[in-house]
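What follows is a pair of complexes built around chain A, which joins chain B in one and chain C in the other.
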Partner chain A sequence: MIDFPAIADALRMLFGSWSPWLVMVPGLVIGLIFGAVPGLTTSMAMVIFLPLTLYMDFLSAMIFMTSIFTGGGFGCAIPAILVNIPGMPAAVATTFDGYPMAQRGEHNEALGLGLAASSFAEALSYLILLLLVVPIANFVLKLSSPEMLIVGLWGLTLIAALRGRHFARGLLAGMLGLLLGTIGFSARGDIRGTMGIDYLLDGIPEIPAMMGLFCAAELFKLMRTDYIVEKAEARRVSMRRILSGVRATFRHPRILVRGSLIGVIIGAVPGVGSAVANLLAYSEARRTVSDPERFGKGDPRGVIAAEAANSSSEGGSMATLLALGIPGGGATAIMLGAFAMHNITGGPRFIAENKPLVYAIIFSNFVQSIALMAIGIGFIYLAGSIVRTPVRVLVPSIFAISVFGCYAITGNIAGPATFLVFTIIGWQMQRYDYPVAATVVGLLLAQLVEGEALRTYQLSGGDPAYLLERPIALVLLVLLALSLLWPVLARRFKIGPKLAAESDG
Partner chain B sequence: MRIGSVRLHVEWGHLAFVLFMAAFCVWFWLDARAASTNVQNLLVIQPAAIFALLLCAAIAIRLVKIERMDPVEGSPGKHASAASVLRALWRAGELRGILVAALLGAYVFGVPLAGFDLATFLFLAAGMFVLGERRPLFLGGFSALFALALSYGFKVMLSVPVPMLLF
Partner chain C sequence: MHDTWRFMGRFARYVAAAILLAAGVNAGFAADWPARPITLMVPFNAGGSLDRMARGLAPYLSKELGQPVTVVNRPGAGGQVGTTWFLQQPDDGYTLLVTAATPYLPTNILVTGAKYTLDDFAFVNAQWSDYTMLAVHKDKPYKTLKDLIDAVKANPGRLSTGVTFGSAGQISTMMMLEALGIPADGVRIVTYDGGGPLRTALAGGHLDFSVVQGEGSETIRDFIRPLAVFRESRAKEWDAPPVNEALKWAGVTIPVLSGSIRALASSASFKKKDPQAFDKLTAAYKRALENKEFQSWLAANKIDGDWLGPDKTSAILNSNFEILKKHRQLLKK
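Moving on to the complex of A and B:
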């Protein structure tokens, strides 16, 4: 399972010169900044800095890229906790409990929890990658279109079940996202729902739409207050309290490890990644505790589960990238671009031919997770000043940064226009208690769901009995049905009666 | 709304939003069908639209509540003046929200005309004013510095042309 001579070569590659380490700290800082600023994403940071890797050897380039990935994995939790705007889809579930903690004045602890969970999960995911890179690759190969379709739909229904209060509104928000996500060209070349706007032919720009929905949901609510945290003493950034959050993380080892494992497994599935991993880990954490009603109201365990999963999914997606050459998402797709820039072909033979290099990348990520703890604490100290800024200054500033960010993503005015439209939709959704996160997940998974539905239809010839021949698909289908029937089941079996009662409507 | 001895409690704002979503689903479904009725085109859109419409109906029904009342009972109702409605909206933050949304719209569509730097400056100053900032020096100074720093930073970072007035 482990090739020790290759490990020895990997250590020589890593410690033979300073150059691989020189790029790590800048990479982490870039990732933290791009993750923490709403509107900027890890993928954007990687794309912008990709040309720099031409001047690096391949190992340094991969360390630089994975450092940005690692920094962004935690960076996106900072706005999620402080202002309820996940910098990226990976931090959607972090908002569920992170922001209520910040509202209670426990933003220091929440950030400490997020940082420790991210660092631990990152290290654990690469340890698993070290041990299981070959078996993971084999398992992922067994997932075909029907399984991928069900995983996608499961991710979509989970969010409606998760937000609890209004199950029907959650499902409707998810369906709306799914429909919006299918706007543009179909696989056959049919043009749907573009209203004659050329910018929409490739679909709604997802990140500006996501930013609009999330910005609106919180910023319009914030306008009624003077500060994000009203009490002056609660706005202070305290190293002692951040460290107390770090320590508190390890009081919930089961949540931490389970969240990390879910992140690794989901991260290894191409196209699903951290956006679903954090939701699934959060849902699992809530399902398995004795007091699930505390989730969504500022429970530290929710932050730990979500952050552990979104960070550990990096290890999972790297497994798929290294083992199969398949990028699981935007970030790994750019890494595949870095492969190409160095004339290296990813794919099943890559590991066999470059074992020392793969092990060196894995070991460098162990060091990154430790470095993230140190750099992240300093960065939190700076980022925490967001809650000390008056809302009257913060709200227009975030809107302006988001408009710039949206322009950066699309390269034209379509990004800011999408942001505007979805800001208004999100504002209304927030007013009437529809979970914007469900719409975002629907929007992000629409392409996956439609593509896999099409392939499943073609493979099965339209015969539903085809699924009976696929045991993994059947298991996933049962889980999907249970998610859909959750409010009914909860009421019938008196599981979490309060939650079930709240799910009406 | 009162009809004979029955009073209807309708959440009009929410109902309008549900109807908007339902209208979008119907329009998108019909638009997709107009593009092609091939199964491959409608495989996801058709079931998702039908499911969404059923959900819209289920939610809309709950937004209308019927209450029976005594025929002699009933209040003449309060007729609020436009000024008092505006004051109530301002206190609830609704009017500020509408104004900021309008400013955001003007900002987005003003960028191609005025450039990111000037449009951002104007949006920041107007947005902060609407939200309660009254110090003229801070309004002008912060907006100018923030707009310039942001515009310059993005112009340097991005490889695509960014519309600007000054840079």
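Moving on to the complex of A and C:
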């Protein structure tokens, strides 16, 4: 698959001039900031900075855009870990274990874990892209609605794990999320539950709703404390402890690699992306370890899985973009805009005719992954001051930033209004012990699951035998069943704990 | 008494002067417009095709009108949120609408219960129109529209097509099937959330055929084969006959519906209240499109720079709207 003369050309393109390197660091910093501020997203950063790429050559433009992408992949973990509010849907699963770690005073380690997992996964995803760009793209095109439906259902099984103290309440919270997610236009043209409000025709804006649910849940709880981290001596930002988090990441190679692989595949599928990838990777990590009961209480492995998956989905979505010219999500759709500005059309011919250029983009991303490590640590130093800020200052600030961010997301009052409504819902849910995370998972997956279920029905003409014509769907279904039954099977045959402990240890 | 008359006379002169002055201000209205910056309202997200067109136009329109022209995005509900907002602004011509005049505007009106009608807008020009085309995946055996229709008729309810709800593609698909006497359940109709996912499904070979955007399908060129374009004449981008030529063997013709039309509009009451200012806007837009620099920008960005003018634009939009209205029941299941 690798074309060595093209690689030589690629290296010449990269090292032949300074300009490709000058845009990398600003891109990473922009990505980190937009990822870390709740309500700002990577795609928003790309829209804002897209016009700048007009003044760059195409390679520099792509390096700049992918740097923003890479920075955002870790940036969103920072508020997730420090204040339990995911900067983007990509970091929802990061909150599950990242925030409990921070509360224990292990925020340095948690951020170190997130950074190392993000950097590693980003590099790995581009390595896979280098070797398998065309096969991945062709595989992704083979996935149709039945396959996507199974992926969505797989994500939904996570709700069972997020149940909190009461199983039934967890399911109920998840169902609420799914139902809320069906508000608005269905693909079939039915309008559901909009109560005559035009703003709801597009459905509930997911990010403001998600932020509202998480925000209320956490901020109201925080009101009774002085600082996020109770012990004063634990509030320091310590390089030693960040680095120990970085090292700890590589003590769980299976979790790290599996999370990355899930991210690459899910990221490559058009219309899904990192928001689903982190949930799937988290739930798979939880299911395959010997001691799943430790997840959700500050287990480093949860942070690794989620952060590896949300960062590696970048490489996956780039595969679809470069090899097919099809954008997988918001960020790559904007990159397609950068393609258009330079009069380039993605697609099979683009890769065949521009191998050195594609390789150059990939190699620059290996460098980005290393640069992210360095810049990320500096960024952690700055962000770490959040835990030293008194809660009475922190809570109103986060609230205000979130409201502005929500306005930026929707461009009208619908964003802040949604945020406030869901703050109240989240507060009440928290009060009566319903897990808000289950509602968020339901809300994020509702459109995918509902739409694909509808299309599977339409494609099959209502005939279940249609599934038999779809081998990939059957394989996925078997995998899903095995993965659900794995804990039971493992216990039954007494192979689980020992085997899993050895391989993960 | 005499004084009173003098006073009345003076009063009458003042009134007359006031009336004249007011008339003068009114007359001067057209001459003055635009006296302050103009906002182009785009009811869709930044970065989309409509937004790119508006942002490209803004500086050149500004040059012609001598006032800054800025773009504001208010996305939501297929343009309905921003369009409603636009109509709530004063009708002084300082807020103009850049809209997807087909298919979104009619869909808002006919399907999603918008509180406006087509008559609330005065269209200036349809700058960028796209057509739809019927395409199949390149590995499918159908080489002509007849091959495909024969297969549909031989396998009732087995072949699948993809649509996005309320689009010109959906209506054209339904009109064609109806004209050919194929019942609604004669094909499996799969509904997608947008043109992007629909194109991906077509490129992946999951659908037997679909009516998709012509120019907008450039990205999946390598995966598809066009069988007919929904226009009066052949298109330069795709090698396929016009749909009514491709349907000649069946002895049917169908109305040709434009795929998407991106246009600039003011509120209808602005045009009515101040026709001279509206003409000024029209002339400025026309001159902007004649600007060589703008033309090369449009070419580089693959955006059309058509000049149809208010009358032709309104005529096309009205005829499209009538087709959509007439076949609205085709959207009902």
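We take it that the second predicted complex is superposed on the first by the 465 of 505 C-alpha atoms of A that agree within 3 Å, B and C clash if a C-alpha of one lies under 4 Å from a C-alpha of the other, contacts with A are read in each partner's own complex, and residues count from 1 in each chain.
The rule we apply is simple: a contact is a pair of C-beta atoms (placed from the backbone, for glycine too) under 8 Å apart; a residue touches a chain by one contact, two chains touch by 3 or more.
Computed from a prediction, not measured in an experiment: that's the story for all the values here.
Of the two partner chains, chain B is the only one touched by A:T182; chain C is not. In the superposition on chain A, A:L143 makes contact with chain C only, not with chain B. When the two structures are aligned on the shared chain, A:A374 is found in touch with neither chain B nor chain C.
Of the two partner chains placed by the overlay, only chain B lies in contact with A:R392; chain C stays clear of it. Contacts of A:A481 after superposition: neither chain B nor chain C is touched. In the superposition on chain A, A:I191 contacts both chain B and chain C.
By the touch criterion stated above, A:A400 is placed in contact with chain B alone, chain C being left untouched.
Legend: residue contacts after superposition of the two complexes on their common chain; A:F220 is shown touching chain B, with no touch to chain C. Of the two partner chains placed by the overlay, only chain B lies in contact with A:I424; chain C stays clear of it. Taken together, the two structures place residues 186-188, 191, 411-412, 454 of chain A in contact with chain B in one case and with chain C in the other.
Of all the residues in chain B, the ones that touch chain A in their complex are 13-14, 17, 21, 24-25, 27-28, 31-32, 35-36, 38-41, 43-45, 48-49, 51-52, 55-56, 58-59, 62, 92-93, 96-97, 100-101, 104-105, 107-109, 111-112, 116, 120, 123-124, 127-128, 131-133, 142, 146-147, 150-151, 154, 157-158, 160, 162. Within the complex formed with chain A, the residues of chain C that make contact are 45-47, 52, 73-78, 80-81, 84, 111-114, 157-158, 160, 164-166, 188-193, 196-197, 199-201, 203-206, 218-222, 300-302, 331, 333.
On the side of chain A, the complex with chain C involves touching residues 47, 50, 141-145, 185-189, 191, 196, 198-199, 201-202, 270-271, 324-327, 333-334, 336-337, 340-341, 343, 345-349, 410-412, 414, 447, 451, 454-455, 458-459, 461.
Across the interface of their complex, chain B is touched by residues 48, 168-169, 171-172, 175-176, 178-179, 182-183, 186-188, 190-193, 220, 223-224, 226, 390-393, 395-397, 399-401, 403-404, 407-408, 411-413, 416-417, 419-420, 423-424, 427-428, 431-432, 446, 449-450, 453-454, 457, 462, 505 of chain A.
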